[in-house]
Structure formats: structure tokens, C-alpha cells
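Note that the chains take the letters A, B, C and D in the order they are written out, and that residue 1 is the start of every chain.
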């Protein structure tokens, strides 16, 4: 089954989603929540989209590879926003999003070969 | 099919989820975001849980009725928090959550008869 | 708020997702489930993607319009598969998917103007 | 943060969801799909519910512990159905669901202490 080869990518997507969930709820507990509003907004979208990407890959969906194009984009946007902040949860999230964007990029290049 | 009878309940669940999505993103744009942190947190959970409840009902899941018990609880919690704030999106959300809690309550009473 | 103008599109997305949920669970109860395997597979993906599209629009996500491109594609694929079958739930689902694909197409044309 | 202690539980929930996704799509490719209809149905519900449970825990939701009660129940139901079949994906899914049910059970016992 194709998804056997996708295990690393799927785990990267889940790790990114979890980092976004943690970052969003941590941002809501910061003193200056207003400064974190864009971060929370992007964390939500990124978590939702990465989670669904992982599931589409795991079920060998025909649209999974194409979904990764979109996933890469939201990961890059979320990484860029998180990188603006000094909080440890933002730094970790920026790193997880960056890693995930690269993993998505490396894999949606396979679309033509499918 | 059972879900034919559930159409009103399903739409109430979806309306509640949409009100929560709108309230959360509107709260993030308010001047005093910090005061809205709990509201945003509950909006997220309530939206996620109501959306899944609607889907479980629509697919005639065996666990749907039981899921409504939990759904009622998060709706009551979210309604109580939203009711503390004067923003129009909070008032609308409190109303949608209250209506949804009552609809969930009226329907999970059917569990024994299933 | 932008999503006020998106109400019709959001409801079309939710209706499509509900039609897919109903079609998938109905297919699983048909005598010849094997013939319905592709339909069930596409129903799942289409429901997941349309539901998330509706939520992204409702929360005014920056990526929502772009998400509609993908959404249109899975709706067209699901509509084409459902149209092959005579079951009433397949016909209704094909119609909901077709309508949703057209609504997505009409709206993601606005991406450049955002 | 509480979710630091929940890492093992969260990964167990995600592993269970992934096993369910894989089992459902594999069931759809079996020769006798009809025999697998209940398995596919439960796999879907179990995957959806476990995925959301993982996210609620990761974001330190107040309702997370209570959600685990429901999660345990769907995991037990899915494990019981999967255990009826000889397919390798069903066996693996039964095992993942059983492990997850036990992890949920061990953790929702903490509700009173929260």
C-alpha cells in the first residue's frame, strides 16, 4: 500500500498540527494576546489543514498529493508568523511548520508520477 | 432512514458551529483580546464538537445519540462564557449555543429507545 | 465582515458535505457494496474537504479562497462517480456535488481581487 | 502545561485514528466489501473521534477528559468488530483500538482530580 511509504510524511504532518494546537492555546494564555492574534488564527488553519492532509494520505486518497500543495502554503504562512515571536511555543511551532512545508514540497513533486 | 428525522437537529448543530467560528475570529479582532481568551477557547471546542455531532447524526452512527450528551455540555459552557460579553457576535453565539444545547438535550433522551 | 457575503456558499458546502455523508452510509447498506467502493471513498474525501472549506470561509481565513480550488476538484470527481449509479442517494449526492463545484468555481475567481 | 504529560496518550489516539483510516480504505478494496460494511462504518467514527480527542488534549480543553469516556466506547466497539475479521489490517486496527480504549480508560479516571 502506498501509505507505507508515507509514514514519515504523515508523522511530520501530525507533529505540525500538534505544535499548532499547543501554540494556539499557549498564545491565548500570554499577557499580550492581541499581539498573538494572527498567530492564533494561522495556527488554527494550519492545524486543521495538516490533520486532514495526514488522513487523506493515510487513506490513499487520489487528491492527497494535490492537497499537499495547499498544506505547504499554510505551513509557510504559519511558520513566518510564528517566527516573529519570542515565545518558546512560537519558536517550536515555526520549526515544525517549516519542516512540514519542506516535507510537503518534497512530496507533491511526485504528483506527475502518480 | 433515521437521519431524515434529524434534519432540524443537524442544521441547529451546524448553525451553532458556524456561530462559534464567527465568534472566535471576531474575538481575535477585538481591542481587548485577552478578555476574550476563554471565549475563543470554548468557541473552538464547541465548533469542532458540534460539527462532528452533525456528521455522526447524518451518517446514522450508533454513537451519535451518546455524542449529543457531550455536545450539550460544551454548548452550555460556551453559551455561559459568551453571555458574559457585550459584543454582538458573542450574543449571537450564546443564543446559538443555548438553542443547540436544548436541541441536544431533547434528542439524547431517545438513547434508551434506540 | 466578509463572511456575511459568503453565507450562500457556506450553506452549499455544508449541504454537499451532508449529501456525501448520507450517500456513503447508504452505499454501505446496498446489496452490492463492492460496486460502490469508489463512491464511498470519494464521499469521505469530499465531505471532509467541504466541511473544512465552510469553516475556513466562516472564519475569514486567508487561505479560504485558494482552498475552494481544491474543493471544486474533489466535488467534480465525486459528482462524476455518483452520477454512474442509479441509487437515489447517489443521484442526490451527484447533484449536490455539481452545485457545490460550480459555487466554488464562481468564488475562487475572486482570489486575485482579495 | 498539562499536555506535556499527555504525550503518550495523544500519540496512542493518533495511532488508533491512523489504523482506522488504513483499515477503512483497505476494507473498501477487499473482495467481499459487504462483509466489511460495519467495520468501515466504525472505522470512520473511531478515526474522527480519536483525532478530535487528540486535539482537545493537546489544546488543554476542559472537556478533554470527559471526551475520553466517549472515545473509549467507540474504540471498544471498533476493536470488537475488527477482531471478527482475518485481514491483517483488521487485526492491526483491533489491536490499536484496544490499546487506545485502555489508555482512554486509564486517563478519564483522572476527571475528578482535575
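Here is the rule we use: a residue touches a chain if its C-beta (ideal position, glycine included) is under 8 Å from a C-beta of that chain, and two chains touch if they have at least 3 such contacts.
Just so it is clear, the structure is predicted and the values come from calculations on it, not from any experiment.
Taking each chain's centre as the mean of its C-alpha atoms, the one that lies farthest from the centre of chain B is A.
Of the two chain pairs examined here, A-B and B-C, the one linked by more C-beta pairs in contact is B-C. Mean C-alpha position of chain B lies 22 Å from that of chain C. Work out the mean CA point of chain A and of chain B, and you get 26 Å between them.
The multi-chain contact residues of chain A, meaning those touching 2 or more other chains, are 24-25, 41, 44, 55, 59. Put simply, chain A touches chain C in their complex at residues 41, 44-45, 48-49, 52, 55-56, 59, 61-63, 66-67, 70, 73-74, 77.
Residues 1, 3, 10, 14, 17-18, 21-22, 24-26, 47, 51, 54-55, 58-60 of chain A are the ones touching chain D in the complex.
Against chain B, in their complex, chain A makes its touches with residues 24-25, 28-29, 31-34, 36-37, 40-41, 44.
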